[in-house]
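Please find the structures below.
Same chain, two partners: chain A is paired with chain B first, then with chain C.
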Partner chain A sequence: MAPFHRLASIFSTLRTRLAAPYKGEWIGDPLRVAIFTAKFICFAHLTVEYSYTVSHGVGPSMLPTFEVIGDCFVVSHRHRFGRDVMVGDIVVYNIPVNNNNSIGVKRVLGMPGDYVLTGTPHSYHSESAANTRKDLMLQVPPGHCWVVGDNITASRDSRIYGPVPLALIRGKVVATVKSPFDFQWMENSFKKVDDDDTIER
Partner chain B sequence: MAPTCVTFPAKDVHLHVQVGPDGRVRKTEGGLLIDLADCELFGLVQYECSIDHPEIRDSKVRCWPVQRWFRRCQDRKGKFTVETTAWEGTAAASAGNTTTTTTTLAAAGSQSDDQKSKQSNSKSI
Partner chain C sequence: MARWGSAGTQARSFLGQFTHHLIRYATWLPPLICVKEYVADLTFINGPSMYPFLNPHYNESLRRDLCLTYKRYSWKNLKRGMIVIFRSPENPKTTQVKRIVALEGDRVRTRPPYPYEYVNVPEGHVWVEGDGENTKDSNYYGPISAHLITGRITHILLPWDRAGRVRWWEHPERPGLHKGLF
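== the complex of A and B ==
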């Protein structure tokens, strides 16, 4: 048989096999299973990269917003690359100084063009250091953001590795799931203060 | 990694906000310079957490609030946020109006020395 006819016969077999009616047995045709698997993987990839995922974080850096272990949160990947991210949002990002794709979860304190403290603001807890320290600030460069963990004493964040490129942001935390029955939308804690007198010296 | 960033003392932030990311003086609606004390005030609370008794198993973890302050100002290109945690309460912040903060950036050095002496008298936040 000429090669062309052989090819044509293969194609016609393929077509009849693919168009074969459902016969009640789900696994039976390896080709169909392979195609189904490929479709499933593609769909899963799209879901994980572009819609919403539920993941969990481990570590003390976001206390008391997230527990050290066991808290899950919903990540919206619509906000990947820092799209529509505002100051006060919690983002999930690839840590720039690690090359094994480890993920960080921190709060954004500055978007491009904003001015932030490079160090740690002191509380009354550490008042003795307050008089000797030099508070330095910087302007967040274009295309970057400044992230700091909520528990500022136990967090490795922009104070150590500087501004984080927006391109490393995987998504924004939109809700927390502390247990299957405890679902809470995430609230932005960056709030407007109406009265200037609330600043206590 | 991030490009090189210039850091500056927090007490001079009211001078540095006058220049945008492109290195030009920001333009505002009235043609005035940006007055940080007039911008909207925002607050954000972070925490310092510590274990009460690390030597005891299941010891309580306590978190102490650390208040951070921000100002959201506007120029012709839009809004930007300025952290004023270390700036609120300094001499420049209490002086407050545009006329005292509008000394040119060139004079920033002499002015900051002036502030330093004032700041040592006033309480820090």
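== the complex of A and C ==
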């Protein structure tokens, strides 16, 4: 008997032996169960990957908004590749200068065509790394965005590695989950000013 | 009990059978999408940017080359000479196909539209150029992040006369490339 036929017969014997206690049940066919499981995993993965995921960030760069450790947030992947992202939104993106698959969470301060300052205001005399390009003003190139952390003194962002391609954006933060009982929708703090609003000095 | 997954023993209406088969085949869509996104995909090449390696008859016919794209860990293990597919840094809706000329740490002598004569490719970036004359590549928008790369072209499938493996390692190095200077 050819080796392939022997292998096939061993496999079919194993299949019937394994299935024997469950004859006639849906679980009685291990191959079908395996295929069904694989299909379900693919379906679940795609559903999560293209809708909403909950992830957490570590680091001091977004400090007033997110704690250094332990804050979870809901990421909407409808906004991947910068779809419908506006200035003021917090986005999750692949850090362009890293070789591993590391993720950054920062606030968008400029969309294509906007003018941004490449330095940190009021810190031109300090020797921080984010201050290498001093008071330069630049127009964000097409297809890119300018991301800056809320805690500008402890953040590595576009001030260091320049504008981030929109294609690297994985999603937008739509809500924070500080604890299982504390769910808050995230709102864009940059709002259109109505004519009724008065500026108080 | 009927065998699980079979159409059943008793005769059904035409609509019932039709729905049954439709749902059965639709369950294969998620695995298919996963394979296309994470393992391998078939890609048609548009445009003249890789002339004469891909689409050598772009100005004579509408026929496009069909290529096999490998997508596993596309941002890792990049080598000079590979042909890669990436999302355009200028417009995230479109993808482009170019050849990797330089990796991070290399120094490249640029070509005309670029404002500086030499460029050091920064960390996590690659310098991509098309083989042809009519191409909009890194000389136009600068080095691109390796994370933009979604796949590398491993085989040409159509047309038959040029079908086969892409021997990117046999591609000569571009003059003006200084490897690993800093």
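Everything below uses one rule, namely that the second predicted complex is superposed on the first by the 149 of 201 C-alpha atoms of A that agree within 3 Å, B and C clash if a C-alpha of one lies under 4 Å from a C-alpha of the other, contacts with A are read in each partner's own complex, and residues count from 1 in each chain.
The criterion applied here is as follows: contacts are C-beta pairs under 8 Å (C-beta built on N, C-alpha and C of every residue); 3 or more make two chains touch, one makes a residue touch a chain.
What you see is a predicted model, and the numbers here were worked out from it, not measured in a lab.
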Inquiry  = Once chain A of both complexes is superposed, is A:Leu117 in touch with chain B (first), chain C (second), both, or neither?
reply    = first
Task = Would you check which partner chain A:Cys42 touches, where first means chain B only, second means chain C only, and both and neither mean what they say?
result = second
Task = Considering only the touch criterion stated at the top, classify A:Asn99 as touching first (chain B), second (chain C), both, or neither.
result = second
Ask   = Looking at the overlay, does A:Gln139 come into contact with chain B only (first), chain C only (second), both, or neither?
value = first
Task = With both structures superposed, pick whichever of chain B and chain C touches the larger number of chain A residues.
result = B
Request  = For A:Asp150, decide between first (touching chain B), second (touching chain C), both and neither.
outcome  = first
Inquiry  = With both complexes superposed on chain A, which partner does A:Phe11 reach: first (chain B), second (chain C), both or neither?
reply    = neither
Inquiry  = Output check: A:Phe183 vs chain B and chain C. Expected answer is one of first, second, both, neither. What do you get?
reply    = neither
Ask   = Touch check for A:Pro165: first (chain B), second (chain C), both, or neither?
value = both
Inquiry  = Quick one: is A:Pro64 in contact with chain B, with chain C, with both, or with neither? Answer first, second, both or neither.
reply    = first
Ask   = Which residues form the common part of the chain A surface touched by chain B and by chain C?
value = 96, 141-142, 144, 161, 165
Remark   = Within the complex, chain A is touched by chain B residues 1-3, 5-11, 13, 16-17, 20-21, 37, 40-50, 61, 63-70, 80-83, 85-86, 88-89, 123-125
Request  = Please name which positions on chain C make contact with chain A in the complex.
outcome  = 1, 4-5, 27-28, 30-31, 33-34, 75-76, 87-93, 104, 122-125, 141, 144-148
Ask   = Touching chain B in the complex: which residues of chain A?
value = 60, 63-64, 87-88, 96, 107, 109-118, 121-126, 130-131, 134-142, 144, 148, 150-154, 161-165, 189-194, 196, 198-201
Task = Mind listing the chain A positions that touch chain C in their complex?
result = 24, 26, 29, 32, 38-39, 42-43, 45-46, 81-82, 94-99, 101, 141-144, 161, 165-169
